[in-house]
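Across the two complexes that follow, subunit A remains constant while its partner is subunit B and subsequently subunit C.
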Partner chain A sequence: MEMNKIESPEESRKLLDKIVFDLTRSIVKKDELTRFWFFILIVFAGVGLWGWAIQIDQGLGVTGMRDYVSWGMYIANFVFFVAFSLVGFLISSAMHLLNIHWVKPISRVAEQVAIAGVALAGIIIVMDMGRPDRLLNVFLHGRFASPIVWDLTVVTTYLTISVLLFYIPLIPDLALLRDRLGDEVPKWKMKIYTILSLGWKGNAKQYKTVYHAMRVLMILIVPVGLSIHTVTSWLFAATLRAGWDTTIFGPYFVAGAFVAGVAAVIILMYIYRIRHGLQEYFEDIHFDKMAKLLVFVSLVYLYFNVNEFLVPGYKMKTAEGIHLSNIFSGGYSLMFWSVQISGLILPTILLLFKFFRKPLSLVIISVVVLATAWLKRFIIVIPTMEHPFLPIQNVPENFHHYAPTSIEIMITLFSFCAAILIISVLAKFFPVITIWEYAEEKGIDKKYLSEQPKN
Partner chain B sequence: MDKNTRRKFMKTLGASIGAAGIIGSSSLLSSCNKVETVAGDKITLLTSSGELVEVDKAMLKPADMPSLSENQKRGREGLPGKSWVMVIDLAKCRNARECMKACQNHHQLRPEQHHINVLQMQDTEDTAPYYMPKPCKHCDNPPCTKVCPVNATFKRDDGIVLIDNERCIGCRFCVAACPYSARVFHWFEPRDAEKYEGVAYNIECNVPQKKGTISKCLFSADRLRDDKLPTCVSACPNGVYWFGDRNEDAVTNGTTKETVSFSKLVKDNAAYTLMAELGTKPRVYYLPPKDRTSPFQGNIEEHHS
Partner chain C sequence: MIKKLTLLIVVILFLSAQQGISQEWLVPADKQSIENPSDYNLENVKKGKDLYMTNCKSCHGDAGKNNSLALVPLPPDIASETMQANSEGSLFYKLSNGKGLMPAFETTLPEADRWLLVNYIMNYSPDNTPVWVDLPPVKARLKATVNTVNRLVEIFAEAENKTGNYSNLTETPVNVCVERAFGNLPIGQVLTDNEGNAEFSIPENIIGDEEGFVTVVVSLGEDFEAKKVTVEKLKIGIPKETPKLIKKGVIWSTNENIPMWMLLSYLGAVGGAWLAIIYVVFQIVKIRRLSKE
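Here is the complex of A and B:
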């Protein structure tokens, strides 16, 4: 995109006022719908937490997991949230470093997704523990040979860098809110903006520091981002089980994560666009580009799927063959094929046509992609565990097959609500697009940003 | 010294508890330390065969149990100079399941929890089915201990893979990693949890079991310390199990008490380990089910359900 400098100060000020007005509308506006939305999320998240309390009291036996399928929906959900969060790395780091300008207005949305996803991944894994009260043992007695310790390390690092990558470009915006919102927001909120803006003045030296810090973080998050999902895949690939014992699990997971994350970002862009009237900001062209990005990552993922299923399917080795028969034509076949077709093949084909890259049709496709992405993690985790090497005998019937219980559904519901809650809070407190970056992109000189409004 | 006390106690208790009185000898007694011993007062004890027996309180003497940290420390080190191995003669197994029962009683397990599980196997459609007792393999390249994030499951110098359920966080990564499905998890309160309340934890028999933690076969490490064969080995009526020390090259049959050369037994009978191709290096050897002494009477399910 060409940067066209606006020479006239009046024009610059007028345009900046409009941008600030549009992008802070969601922060300033007080309405019943928002309150109701938060209320619903908190209530459902609370119900889920109650489910966790029951689970702690009675033991993990309240779930559908047993000695053979000992990882169930929680782990599938954990993998989903790690996947979901990886888009932060893709959009606000990798694509920025490649100087792809159109992603700039989307980075903050991607970071919202990253923070919510990785925060919840961390919480879900604790909810899956038999003894969450002993969480500290991981620090006291941590064994570095265990992939869980690697996972813990990269998840916390990724969360830290993602928060910084959200916060640092936010500082000039916070100063803008501090200087311009005045009486439009409550005093406590203004206080938060004032504190968080760290006395930002907007001089060249400060901007230089921000640019520098962002660049360092963007580079740092590349290996961490790749690690987070690769290590998550190793939780499975480090075992000997059929269906997990594969060498391409790392890139297979990373590619799948991009598909889920891009779909999630598209959905959020659409919600912000409609809810806050940001048609001029999340433009049709952005949806078109995101659709193309979705096609690209889907094709990469499809390539890994072909390798992951076709190659062992060609050989049908003993244990592998039993696992693959189960997902190709057995109990999981309906789920497997609907996920592969409606979540991967069909979206890729449809989005090749311009008609489907329009916001509404794209967002519908993205919802399907995101939902099937969740089911895909279920298929990765559970069928393998239902078919260990040795026969399952001398145990009750419910040890043979896994079906999630209502407690598991409650706790999973908590994770969804909590993730959406984090995103909603971030979107309610801070502009969903980086104002100063956007204004600069539109040709407004930075000096106008730090001007105090006349009124 | 503590061995002597325990021996004396065993004698006093007499045959009703017998040599199997592991819980009585080690753990339960320590809980009775505080009990005032008045002659004539009866106390109910649980034997390792799952029976409740009434004993005169005056007959109880406190055992010298090492403190928890001491127990955990020596439990991690193992028995010096030993290298335990087990040989299972599949030709002898008649599915009596005495091993399973004795094991569940020794280790406070529910009926569906198996440290040792007798499986009905059939290698191919055309070959005869057979019974296969399946304990933990105590692998020399154990996939389970590698993945444990907190070192709650570990391999000792004498070859035994043990669990510290005071440290286990219940992530169940070891369950996912074990190709032999040897591990069980306490999804609920363990069996008879109330009876074991206040009993000092013995890492070598993983009792008392704890909700939200892992358990598995331990080769009855507590009994080995007392110079006894593992519970399952002793309980077998059919001479299926041989157990011993690889360093001494000697294994003893739990039923006949006959001791033979381990290497010769393994070589002469073409012994194999389960799924050797996985590289886990199991310490449990199987003698093929040839020349069987009894017919297979089970109902063979499909190998992979």
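Here is the complex of A and C:
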């Protein structure tokens, strides 16, 4: 650990004050734009909820899903959000355990993404049910050998761990907010900080407990994080359907999840950097490193893609052949090739050049990567369902193909707004960087953290 | 939708055209006047009736009861004016050649049988004295026991005679059925002897329920008003094979026969993760406690 200890107390206090000021400015500041942002999110989420009300009232017939394609945009969206959330495991656990220092300021952003993603993944599953009240039946009559039960278990577990991994490193920061923000925030907010900071004193034993609990969670999240997306992939791979019947779906999904998650974290970092003026915290070097990480995970994902499509494409077994022709050169070919080229191959090549690893160009590439990541899940879920082993016959024309209806789009819109809302609320309430950890990295001794500021 | 409508219109036109034509089902004059080669007597009418029961009743119904099948055109009751307006030659021509839904029986019945059918129809002609009269069902009593060792159904039947007393029912067919999920399956018929007794030997190949139990139902024909005798739970059948849908030890089993390693892996993984989570929650409590030191 490179620790450039700052000897002079004045210097330490001055630097700490600056860090606290910079990272809490967004919490303290009251501005119209933030209010408008929340207003817009709540309105659009409300519109989506209205769509859900219509769906509950009239049944799943309002969606484009029929007897053959019974998993539509909701399930594709579910897979996307599970994927999106997995970056919490990669950055705040795996890379922390590997002692990679530059990720430390990014880990809270990654946890925000993880919480929002996995919470929405759970909600989307309920929204995909025609009778949400029957969710209870999974607990009452679920089979322990069913991937659906495993999925429900692992989503709940991962959400709990992600919340804890967000909260525990937050405790010393909450104490800082409690001690330093004073009248700058409303009383109710201060009350929340006071309660959540658990009366933190900052003694050595407390820090030791925080480190210990964080370490337990980081280790625990490795198997749970891998499980969440592996089990999600098994929902598909455990069935005998062309396109899903593959043994590499677990690692294929995990690799794809890292691509989506890293892109999401880059976008958030950029927004915080610009919006909250955190250029000194989310530095160019962080973007450069994240870009390299994105290249690395994209290459891994590309490797799995080659395996996933080249091997069955070489053999073109009957049913598999129909499915593959449909996505290579049939109705889904435009979507498929634009996803593979603009979401995977092109970003990987571009990011090899230093120029594209600069914040602005990187964030543009990340937006494309994230959008195509969503479309990729659509391609994984829907085309397979349009090609059952028994031919589709004697059914209405609209059973043959799937197209999402406006209700489905409304509900999907809700999921996006709700996810962004969760992230926005977390960013509005708590510092986006772990202050105490950051201060420590900058060489400020912990004793200054628990000092009461002299106003 | 348009296709369906067109089809519907075509079907309606076709059926109504048929109905229109059926009222004037013309029979060539030479065919109308052909005479029935078989005599009109009880024996021939009875034979005709048996043929009617197997070949015609399903559509035309019982004579005089106007209970024919609701087809378009409606199959006329054989006692009706429409039917009886035909000469014997015309009847023979029509049932031989058929039209529309009415089959051409010359392909399935020999000529002699078709004339016997005409004899039965003529039984209801206003010009003839009926030689066969449908009597109201006779009150009867039926007793049946099943000897599972000898696999015999032992039957005794008696019927009410003209004086109002019951006497042995002789030379009468008794139907033996086994109960199935959607009705009774006939397995045979047996005639009563001079003392009203009958014995029916149960075939070896009757399939029973999962344990081989069979329910036997014994009844008299339509000419009698008698309660059916139902003998339940007889161990005379072959046990029904019910293949298990999910075999033991299959990885995707139901909870009843889930492989132990699968259950333990699931519970172990979930239990382990949640124990660790509880441990972390305990650490949070510890942090709070340490604040008070």
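We take it that the second predicted complex is superposed on the first by the 454 of 455 C-alpha atoms of A that agree within 3 Å, B and C clash if a C-alpha of one lies under 4 Å from a C-alpha of the other, contacts with A are read in each partner's own complex, and residues count from 1 in each chain.
Definition applied: a contact is a pair of C-beta atoms (placed from the backbone, for glycine too) under 8 Å apart; a residue touches a chain by one contact, two chains touch by 3 or more.
Fair warning: this is a prediction, and the values are worked out from it, not measured in the lab.
The superposition on subunit A brings subunit B into a clash with subunit C. Within the superposed three-chain model, A:385 lies in touch with subunit B and out of touch with subunit C [touch as defined at top]. Applying the stated contact rule after C-alpha superposition, one finds that A:200 touches subunit C and leaves subunit B untouched. Shared-chain residue A:46: touches no atom of subunit B or subunit C.
Applying the stated contact rule after C-alpha superposition, one finds that A:224 touches subunit C and leaves subunit B untouched. Within the superposed three-chain model, A:143 lies in touch with subunit B and with subunit C [touch as defined at top].
Judged by the touch definition given at the top, the superposed model places A:240 against subunit B, while subunit C stays out of reach.
After overlaying the two complexes on the shared chain, residue contacts for A:186 are found with neither subunit B nor subunit C. Within the superposed three-chain arrangement, the count of touched residues of subunit A is higher for B, of the candidates subunit B and subunit C. Within the superposed three-chain model, A:212 lies in touch with subunit C and out of touch with subunit B [touch as defined at top]. Clashing C-alpha atoms with subunit C after superposition occur in a single stretch of subunit B, namely 74-82 (options considered: 20-28, 56-64 or 74-82).
With the contact threshold set out at the top, residues 143, 145-146, 238 of subunit A are in contact with subunit B in one structure and with subunit C in the other.
Across the complex, subunit C meets subunit A through its residues 251-255, 258-259, 262-263, 266-267, 269-270, 273-274, 276-277, 279-281, 283-284, 286-288, 290-293.
By the touch rule above, subunit B contacts subunit A in their complex via residues 100, 112-114, 117-121, 134, 143, 146-152, 167-173, 175-177, 179-181, 183-189, 211-214, 274-275, 278, 280, 301-305. Subunit A meets subunit B in the complex at residues 58-61, 63, 65-68, 70-71, 128-132, 134-135, 137-138, 140-143, 145-149, 152, 235-236, 238-241, 319, 322, 385, 387-396, 399-400. Within the complex formed with subunit C, the residues of subunit A that make contact are 143-146, 150, 153, 157, 160-161, 164, 167-168, 171, 198-201, 203, 205-206, 209-210, 212-213, 216-217, 220, 223-224, 227, 238.
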